[in-house]
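Naming follows writing order (A, B, C, D and E), and every chain is counted from residue 1.
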């Protein structure tokens, strides 16, 4: 995610960090060169003048506007729902840690040194859950984080499992069940903590849904095909009206259409590490700090700060 | 569902898998041939020149844009809500299995070998529920799956019932009631597990709603009629301006309109097995693997992988 | 609700069932005749030529597009929310029946013959609730259905009450309270069943909201007035450009505008019995079959099937 | 709220009740007179011909369409959310009354004559809550209603309090607490009734939110300024094309723009007593009748009926 | 937040308070001066006439409308969701205070003088929570407010913590746990109050989400770049049609585009203290008054009133 002030003046035109311009530079060049050729030949192809006028572009533009507008909203909705799910995870992790720390049938709160207290492990697993989900969504290896957070044997078992997030929730549920059995947790409150676990499972399932189900492929095809046809034909429609400004106008139009399409492509799958993706590292750190603070740890790790205006 | 990377360059124009082009090829050909005839006759019909200019198309285009934009959003919302419901089913199935496995008043977790333990059957029925819902939505026969998952008599009874998903939930509720009666389940936690069952029932009712209630038929009529009239008349409006490019422009305009309409027709009812439908097989397998993993099964079946870029 | 396959080819233009064409035939004829008169007089009114060109229609069209687009979305949202509420009722009825059937403190399930078992009556009242709500929304008489489902005295009292749905929920709540008092129902589970009743009350209140609060009347006025003015004036704007095609173009434009407006009028209040209204009869039957199946009835009534492509 | 059938034919153009026309008559007249002056002078101002053509209006119209469309949706969403909140209040009031009437640990239901039964007062306070909220939202005096519904001392205290709705909920919560203390209410069911109170508090907070937070003032400025500029300049853009029809076209365009803006202004704050505002009186009466019916009152007051097509 | 009546007549054009005009005055001047220069040179740049006509602006306008419309909706949704979250906090704070005040196992309500009663501190912390969240969102120092509301040692500890809102919730949860342990709070009701705390944590996480995750930076770039290019080029497109009115038209178009963009920039991050931001001070005061009233305080502080039409 790009975190920076809005650029002003000329700076606005020369900012590349976070811009989609680099991703569409090739397409833009293709369209502009083609427009240049058409302009130089005055729209004549094989001795035959091709006249399109602006009318067809108004008509096709109608459909294109629907595609682009819809596509853009759908992509942003995915981005924002993903962020909302992770915001929910932040709040659920904190609430679960708070619930565990304030369980009424224990005499005193658990601290970071109480190695044998099941509450300590329940909290650490909350951190591990967020971390495992992040690695799963990004396709990276969660082993180092698990080693750091969990007991050695559990980290090994977790590593062997192909379903890390469920593995952790299950172990948390088993420990809570053991607490009920040991009369350390009222059933009515156990239902409450179990709902926190279910909410965390809902976040994981929601993120999987966004990751695994792209906007139907046919949209992408329809949108990109129409945008390409539009930009290829546009010079023939403009050259008789705006003359040698044609390549310039085509470049701007292509910039807006391909820019919007490329931005949609990027934020449609928001869990990666591109410029406009979600800062999952920072969110996991936020969860870790919150839970460790609840556990009573003194030296909390710092929040992640943007590097070169960029938060991962 | 089509799972593939975005095609680049010329490949973009020759991809048929997942495209709506095959579905609208007939309509496109009709429109283009008609436009060709109009162009060859210079818009003269029965010795009388028909001049339309582009003005009527801008006016009709206004209404058509509203139809297409609305229709498209409504269809995609149905698609995405259906996916959301199944995502919810994934999470509820996992949570229910976790709740059953961690019920506090049992001494130890249930395993795949504990044939007589009611918890084992509760979990298998969770898998069967997803499977039965899938078969119901696709109109296929669930008998093989039920035989595989349930005890022989229950599978037979299930097969005889016309209301499979409710049958399963009812049996699950009865077993949970028996556990409460046997003091193996606290009432407060029973309320919690019952809410999981209700959530699964809500998924089934939501899917039925989408399947049984199409977008009102009058929209379909209005949209298709207007689109056809528009494309039939368009050559008369263009021929005086763009000349022999008319069939080409008509083809592109028809492609965008009919393409969008056809895509809407396809994703409006997302439970089928067409290219852009939801991968219910893969989702059922996901649920099965999750629940079996919770049950302690070692040799988990693999996740389904796309065949020829296609996940069913 | 119209349930039929999408018509193809010429059939598309001659389908009347489910179409809004019959509702707007008069308006269409008026506009077309007027356009014909204007065309024949070449736009001259009282010896004075009225020239409008297409410019005003582009400007007014802007506002009209906003009205139509908004109106259409708002109407469809009401339609779909109403369907969602009834889908919720389906699921809540099933879940309530399941909860009642699996109450842990009874020794065995209740059957259709157990006249004195309070659980049987609780289930029948669930069916009666859906039926009473349907009759209330459609303004029809629910007496026959109540006689069929409830004990004679309760049916009579219900008929005397002006608030049928609340009457039923209250009796259900009283019976559940009596079960708690008789130690047949845990309070924690009673809270759970009471939430099912509240959810059914929420459905009833939601349906009343949609029925009693139309889209503000001023919208209807603004929309219809603007559409009429637009179509009345359109011939003056077109006659100089498209000549004798004017009535034809006006007819198409009027068809799209009035068609969209009429469709909005129809689905805005979706509880009636018009072609595009919700199939409340079929939904009530669905609820009835579900609950009777849970009660253990063998000879279940069939699902309602469309008559002449139409489900009521 | 206007409750009437859709007017037909000429009646459509002469309906004033519920129309925004009276609110914008002055603006319309101003614009039309100005357009008349411009038409008479053929667009010449101080000997200098001002030519605008329609191009600028297409460009400005783009932004204006965004403003108007957005503003309109935002205003309607507020209207509909307000209605939804009151619909929720209807259902919560009924459910709370039902819960109170069926509290399991009382031997028999409470009736209207049981002056000392705390359940009777709990129900009456439910009615008072809706009434107090209505008076608060409309800035009217709730004293008469409180005197009618509550015991004299509580009505006096309520009147002295500046926070009437919270006062009532607090007294209801205290009485429920006393019932728990007196072993007349299980804690698990007390949690259930408390959630009903919280839901009523949520309705009050939601209504306050809508009332206190208008759409940001800058939107109103931007929208009205642009609309005025547009309509003032429009005659200069039209006079050369449509000649003496200019004032007529300007009047229609101004009618659509100002009409939509005025309608937005009206429904944006839906709690007043204007034609298109919500019928809070009727909704309060509905709640009162529902709760009194639950309490067992025989002579229920009638539902409010529209007076001159208008429900307040 | 600006709280004032809608200005009328000429006043509409001279209102600056709450307007975005001051923020975009520089941009407007730049565009207008440029347009003036182009007009004076009749569109000739370096002896070469640049003709653009209005066609390119219609095409680019298409994309610009999508950007502006989307951006505007997304920004307003953030604004309104933020207000909704704070409205939720108002209701949750009131409900939590009500729950605490009516806990059944205490003999009498707590008052402002009962320094040792844990319920008094629970309520004060509710006020402190809202205040701490406000300071966190605005980056201001919460120490004075904490000193005022909390015991000295807790205020000091709170000040030392970097995670103030979580600190408070944790202390509230611990006190509730102690009440359960002391048999002053039923576990079933404890689950209920804990849900209130979780809801407050959800508000905090939601506000953090809005504050920390701006609309993706690439949108801002794309939108501002296109708007600038559009306004820079517009004079070349208009000068041949509207002549010396060009600078005036450009100024209006630039006003609408930059005005909408600037308004989006402002309300996108609604927690600041600009004119169109949310009145967090007033909302915190509202919460404080509500909770103190529930605690039984007589001399309640007044609600905050707008200063110079402005509520902070």
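In this text, a contact is a pair of C-beta atoms (placed from the backbone, for glycine too) under 8 Å apart; a residue touches a chain by one contact, two chains touch by 3 or more.
Just so it is clear, the structure is predicted and the values come from calculations on it, not from any experiment.
Listed here as common contacts of chain A and chain B: no chain. Annotation: 38 Å between the Cα-based centres of chain C and chain E. Centroids of chain C and chain D (each the mean of its C-alpha atoms) stand 24 Å apart. Residue positions of chain E with contacts to 2 or more other chains are 58, 64-65, 69, 187-188, 191.
Tracing the ring of inter-chain contacts outward from chain A, first into chain B, gives the chain sequence A, B, C, D, E. The touching residues of chain D, when paired with chain C in their complex, are 1-4, 6-7, 12-13, 15, 18-20, 54, 57-58, 61, 64-65, 68-69, 72-73, 76, 79, 83-84, 87-88, 90-91, 94-95, 98-99, 101-105, 109, 186-189, 191-192, 196, 234, 238, 241-243, 245, 249, 252-253, 255-257, 259-260, 263, 266-267, 275-276, 278, 289-290, 293-294, 300. For chain A in complex with chain B, the residues that touch the partner chain are 50-53, 55-56, 58-60, 62-67, 69-70, 74, 161-163, 166, 169-170, 173-174, 176-178, 180-181, 187-188, 190-191, 194-195, 197-198, 201-202, 204-206, 208-209, 213-214, 216-222, 224-226, 228-229, 265.
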